[in-house]
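The following block contains the structure, expressed as structure tokens.
Residue numbering begins at 1 within each chain, and the chains themselves are lettered A, B and C in the order written.
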Amino acid sequence: MSAVEIRNVGKIFNVGSSNQVDALVDVDLSIASGEFVSLIGPSGCGKSTLLRLVANLLEPTSGDIAVNGKSPKQARLDQDYGMAFQQSGLFDWRSVAKNIELPLELKGWDKAKRRKRAIEMLELVKLADFAEHFPWQLSGGMQQRVAIARALAVHPQLLLMDEPFGALDEMTREHMQGELLSICRRTGSTVIFVTHSIPEAVYLSNRVVVMSPRPGRITKIVDVNIEGERTDATRDNAAFFAGITAVREALRGVEMTAHVRGIEDR
Amino acid sequence: MSSRAASIARSALPPAVFGVGFIALWELVVKGFDLKPYFLAPPSKIWQKFTENFDLIWGATKVSGTNALVGLLVGTAFGIVMSLVLSRYRVLSDLVTPLAIALNAIPIFVLVAVLNNMFAITSEVPRRIMVTLVVYFIVLVNVARGLTQVSSTHVELMRSYAASEVAILRKVRVPNAVPYLFTALKIAAPASVITAFVSEYFGGSQNGLGSRIASNIANSKNAVAWAYVLGACLLGLTFYVISSLLEGAATPGGGSKRAKKSR
Amino acid sequence: MTATVTTPQRTSALQRRLRRVVLFVVSLLLVAVVWEVYKAIGPADGGKIFGWKLLPRSNDNAMPHVWEMLSRYADPELRGSSRAIWRVVLAGAWFSFRLALVGFFIGTVLGLLLAILMARFKVAERGILPYLVVSQTVPLIALAPLVVSWGGKLEIFGWEWPRWLSASVLGGFLAFFPVAVGGLRGLTSPPAASVELMNSYAASWTQTLFKLRFPSAVPFIVPALKLAASSAVIGVVVAEISTGLKGGIGRLIIEYAREATSDPAKVFTAVFGAALLGLAMSGFVTLADIYMMRNRPKEATT
């Protein structure tokens, strides 16, 4: 059974009014368990919308979505996924450890169990020494690591990430990509990752889903054929560059068609 | 229905419904429980007394309103001038700010008792001084904040242009402070009215709304007193509405309402 | 990767507070100097400036010397009485302080409840908020007798409404407004991303209220509490005056003001007592402020 099944999904905002937007049209995607899939495309292509549909933060106008065989709503109620955003979204008034405990508190876990899981997560992201610090005392990269630790706290099988490294500098970004992959290897999670960066998408994923706007839809799915575990050396690998070229061309195809149609692509 | 009309209706309908409902309930409770007038007067009787005594009420409103307005204008003027001075000479600011903070905590209207002694018994000046003081501090605190809490990027930019402190003041600090001034006015306008009333309780001239309310209450003429209260509320509301409109006119794009609310 | 960690600087905060206190004392001395200077050069019977009768009288009856005001504290309250006036004023201030404290709590609880209601239902905000603003313009002097007479009729299980509670309720009536407004702003302040986060955890509105909205509201509620404290003091003092409540500082001010022609320094003693009352309430709230904001990053000004 696939981890996430998206069938014929459409999403229209402001139905019937003058500013109606076809955010997504006819989206079909099947994601296997343990797979790492990136969504990439220009602004307005619907990648964040698609992510939020899977997360049940939005309802589709048409089509269905199944997460682990359940409806997205049930998956959300059962806390089957963890989510990370571009802003770390940590609560300033809670210590790092208590931030990670937040979803566990909401699930009604008792204090000792929560603390144990929080420490475990901090060790996973290598921030165990900062358990009692506050978010504003940490750097951007560290805050994102805490956010990822929080997303993983419930040991979800599915990770949904919306440009989590977008606000970080290039070096921190590459480092975090490596960390994320090693965490995913250990936990075996399925990941849907939204990004603007081609190298990031290729480095992290098994498949890169290229999307285009107006209306939002999938244009092409690129298979990334990199052998073996991904390390820093992978960034100099021929297969890596081939993947980048493939994705770039797919995105250019998006641009070309947009120009042919005479639409300004922004 | 056009969306603009719909949004006006959405804003105006709930308070209108609530207000009408409240007054209706009030009338019903008084009539239904047959409450004695000294206990609570019904809205119908208050309205009757209001129309009967309208000239007197209007006269008293003018007295209190003038006191409030004079204090508001003078206090705002002093507050603006002082905040400009303080932003320029930080040493003075360190001296004046603790005093301002302390005075904010104290019920300074009690000074009226002292001021009444220093002026003639029929003078309205003590009340006006009181309102001026209250307004002055409100305006001072807010405008000073607006002048100093400026984006450091903007200040750095001006310094890179070798701009003088006065130029920075004119081009960066003052525009930044304008929304703060109007926030201050929104607070100061009702405060000036309330202070004008409260200043009248300590003796002195008895021509304003505050003293009239007090004397009617003392004579157990509740309905008449509440007719004056209605006048007082209308005065306060007028000041508040005018200051809100001024804020809307002077800060296009929303000013204080810029941050979007999450529910 | 090196970690960048900042620790809050406690010593300089204490130094800053100390400096503020010292400067405050200096500014008080300056006010006293200005007072005496005016006394020396101002017209004894008041005068005109630019044609307006703006200058106050500077004779000893209208404006006693500063040292007269201070020395008055040691003298007895009434001729023939044995109690020194500072005792009387202090007792009055303490009485009013306790009333104001109760009013402050009443107002804070009421304000927070209203804030929650208005945050939850936009209809409630639209319907009630305008009236909350108008309610503050209703002169307390009209409400005071209402509260007193209603309270007089109230009896629950043999417990009778004490007269002082009316004054506290009126203090609460003024105090609730800043808390309701500040609370509403604070409860609706969390960014949409944080609310989305809570939704992704399938958290109920109540859970979101306690875990996200309340903590986010603290920086808004703290300045509101300062306003509420001074409003409670104002409400209590005005209530004491309009209901004739004995024992508080409001009553003392009125009484001494009546004797101002024969004993000009007396009223100042009560006025300073009222000032002390206000400062005490403000100090109390500042302690609460420090506690509530203890783990938050400090604000910066240019």
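In this section, a residue touches a chain if its C-beta (ideal position, glycine included) is under 8 Å from a C-beta of that chain, and two chains touch if they have at least 3 such contacts.
Bear in mind the structure is a predicted one, so any value in this text is a computation, not a measurement.
Chemist: Hopping along touching chains only, can you work out the least number of steps from subunit A to subunit B?
Modeler: Minimum step count, subunit A to subunit B: 2.
Chemist: Decide which interface, B-C or A-C, involves more C-beta pairs in contact, and give its chain pair.
Modeler: Of the two interfaces, A-C and B-C, more C-beta pairs touch across B-C.
Chemist: Counting only Cα atoms for the centres, state how far subunit A is from subunit C in Å.
Modeler: Distance between chain centres, rounded to whole Å: 51 Å.
Chemist: Could you grab the centroid distance between subunit B and subunit C? Build each centroid from C-alpha atoms only and quote it in angstrom.
Modeler: One centre to the other, that is 17 Å.
Chemist: Out of subunit C, which residues touch more than one other chain, so two or more?
Modeler: 191, 194
Chemist: Tell me, which parts of subunit A touch subunit C in their complex?
Modeler: Those in contact with subunit C are residues 55, 57, 76-77, 79, 81, 83, 85, 87, 89, 91-95, 102-103, 105-106, 130, 133-134, 136-139, 141-142, 172, 175.
Chemist: Across the complex, what residues on subunit C touch subunit B?
Modeler: 19-21, 23-24, 26-28, 30-31, 46, 53-54, 56-57, 61-63, 119-120, 122-124, 126-131, 133-134, 136-142, 144-146, 149-150, 188-192, 194-195, 226, 229-230, 233-234, 237-238, 241-242, 253-254, 256-258, 260-261, 264, 267-268, 270-271, 274-275, 277-279, 281-282, 301-302
Chemist: Quick check: in the complex, which residue numbers of subunit B touch subunit C?
Modeler: 10-11, 13-15, 17-19, 22, 38-40, 94-99, 101-102, 104-107, 109-111, 113-120, 123, 125, 148-152, 155, 190, 193-194, 197-198, 201-203, 209-210, 213-214, 217, 222, 225-226, 228-229, 232-233, 235-237, 240, 259-263
Chemist: Can you check the complex and tell me which residues of subunit C touch subunit A?
Modeler: Contacts found on subunit C: 1, 3-7, 191, 193-194, 196-197, 199-203, 207, 211-212, 215, 218, 295-297.
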